[in-house]
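Two complexes come next, and they have one chain in common, chain A, joined by chain B in the first and chain C in the second.
What follows is the complex of A and B.
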């Protein structure tokens, strides 16, 4: 019975990973075509330039990346608590969301960056027209800032799509790592679900949740670094081709990733099981 | 007969339990008397743990758990609408493996009072001292109350868990193989304690050691393959069993 379920799970995992890789492939092919066309026409349409520079200037801001991913991570942690602690494992919504999360976390952050750029490329003109048709945008000078707002929301959505599933998955793993006997020991003393959660589960799982949050944020910075890198490489003629921001973001991503691994390593992979 | 009925604190009638398709317990009916030690004996996987975990509704967390029949606690039917949090304050439990929480020894014992919203330190101090004295652990831990229980021996950890369960002042305390991980000397301590605790509350004791059941219990039930083969006074079960299988089990020829 047990080996059967693990086999089924393995099969499911393979399918989900393949879907993720197909999306990655499509993203690469798409980007290749877009960039080739842009190079062939010898420049870039004005709207695209505005959009990309808006995007890049947004991402250039460390605090925006930080706050966007922080909101997504906190929301993800809350979602994980709800899924893991309140919804029964057999609930179809929970299973659907968990499958979606498995697909979304399987996609490397590079694919998200590329997809985000592709979407901005493809809809650049439509986006501009939509903004121009908007009654408030009669004053032509207002357009760039409005585009920036649109890009901001679009970018925030990409972040949520990328960071939240990972935060949910890592938090769920952390909550599952708290052994059932510890919960039961508290339940038999008459603790309510909320008391068990705040007094037993969260203190034990805290390091893992923190590590998961760092891992997710590292992913966000990796994507931001990628977008900034592509923008610099494609649209500026700076010697060297790599901006300081690119390096900064990449190092932040690396440091966060190492920090999260260290957290797990220091406290032991199954320290929660034995305590 | 009438007086016996009055003293009955738990009545189980026709209890059936399934995990998924597999039936674990098959129409059990018995009564648990107040201020008595009721022991359930039987070989491994005969449903002892499932049965005792049913009484404080701990099986509710198992996804494909299903049950029929009635459990009456003080004459009140435990159904889907029962407040399980309040119920578990009245029916406490001690597990096979001691599970002290990661806080200090003091906070472990004070846990029950804290979750009930009691925070006056004077009151907590009395609760902690009284219950640690009750289990005979006060002299050992008096000076290390603020330290982690991890440094205690496993037997002392189990005593701490019993003190923690007693601090909630339950009407019934369930022991699910409390000596499974302990050495003989620590086992004797727990057994003596169980005999003493009988004056304070009703005790239910699940074990697969027949002699232990004979030593601690007043009333015993023999479970075999999910069926309650025999239930009655311990003396009778061990010296004059009615069923052939019970006799084979208590004499060591079965299980």
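What follows is the complex of A and C.
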């Protein structure tokens, strides 16, 4: 569906994306000034113990989130098989899901990244308070697990929202690439739908399905890398908490990104039909 | 001679648009029935009705009856078994992504044959019948998709014969292959006729003239005329349109 967008929609997308990026840029500049002010007023760098504890809790967290992403991708592939091979194209559930997927895959990775950072802030600040409240080093490992549940679910949801629709879309495209005449060749031999799928469709589409799965997974890895970077940076600079303004900027950029992809989805297929 | 297939009042629409209009005729046992007519006249649709693959076209609607050996095919519950009673060769050769051997063994295996010796024998016989054995004998385990176009089409024919069909349908089988291979396959069809009933849809009227016992002429979904090939290709077929089409002065 993205490939069917016309030049006008692409222009709209570029404009909205540019606005999102500019806001993001302003946010970063603003943050940089905040940091300078914090340094000037004598903010302390975090102790190594706090950093290591926070980092290990994050890596632990990411390990689980990445595993969940993998499961989500496999589940997405299964969903794509069901949608594409069993539900007729006119089925309302299939159409609803396909529309949702069109929106979700249209959202650029940066938007998911921003969402993850926003979630991370609520996590980081609570975590820091907890660590400061219990300065005994032997307790530090135990603290994160008590406070992270909600944040963890939010983060996991972000990862899944990012990888699963892409996995579904790529798998559907792969299955569609096995055209009717190729399937008919097996059907005329008296093969059942299951036999056609396992012996004809899957062997042909396998590489493309695998590539789609890898692409989805690499998205999750990129986001994980981003989070590790931000996390480390946050604890080593210790500016005394992120400014509310920065979070506002990020939220606006996020809303704009999602809005732009929705806009493209709304206009995309229609104008493609007109032309 | 008995009737292998009896078609009566067959109507097919695609999304309301007619493709076959109340067509009725019989196919005799062990004949080669040539089916000719310009593109879009419903020939492929007719074959899809016979092996019930029209069911894959959601917008298609069907009226009338088709009987195979006196049994209405729409009442057959084992549609896979029904399809195996009918061999189908489609216009463009499509190799299954399997070895040459597995291509031919696909249908017998789907039907439950497991014995290696039985499969070996069957694969060899079908490849022989399709005039392909000599060329692939020593590389049965290479991918079927690696063969040339003409070889792949003969592989398709071997595949269609592998489930020992009672009726063999060929849809413009020579469209993608060279004249020499076409001639070889035509010879094969002449011998196969002793064992099965053949429906030969062809875009080459001369092919029908060479092979068919009877010939049917379709035009825009109507069966214009069906008669012995000698009559259809004579100077006096019943319909002027038939004469024009056969003699290339159509349109």
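Note that in this section the second predicted complex is superposed on the first by the 140 of 275 C-alpha atoms of A that agree within 3 Å, B and C clash if a C-alpha of one lies under 4 Å from a C-alpha of the other, contacts with A are read in each partner's own complex, and residues count from 1 in each chain.
Following the convention adopted for this analysis, a contact is a pair of C-beta atoms (placed from the backbone, for glycine too) under 8 Å apart; a residue touches a chain by one contact, two chains touch by 3 or more.
A quick note: this is a predicted structure, and the numbers were derived from the prediction, not measured.
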Worksheet item: For the overlay on chain A, clash or fit between chain B and chain C?
Response: clash
Discussion item. Output check: A:187 vs chain B and chain C. Expected answer is one of first, second, both, neither. What do you get?
Written reply: both
Discussion item. Quick check for you: in the superposed arrangement, does A:88 touch first (chain B), second (chain C), both or neither?
Written reply: both
Practice prompt. Using the touch definition from the top, say if A:200 reaches chain B (first), chain C (second), both or neither.
Written response: both
Discussion item. If I apply the document's touch criterion, which positions on chain A are contacted by chain B in one structure and by chain C in the other?
Written reply: 88-90, 180-182, 184-192, 195, 199-200, 203-204
Discussion item. Which residues of chain A touch chain C once you look at their complex with the stated criterion?
Written reply: 88-90, 180-182, 184-192, 195, 199-200, 203-204
Worksheet item: Which bits of chain B are touching chain A when the two form their complex?
Response: 56, 58, 61, 63, 85-86, 88-89, 92-93, 95, 97, 99, 101-102, 111-112, 115-116, 150, 161, 164-165, 168
Worksheet entry | Touch list for chain C against partner chain A, complex | 51, 53, 56, 58, 80-84, 86-88, 90, 92, 94-98, 106-107, 110-111, 156, 159-160, 162-163
Discussion item. With touch defined as at the start, can you tell me which chain A residues reach chain B in the complex?
Written reply: 88-90, 180-192, 195, 199-200, 203-204, 275
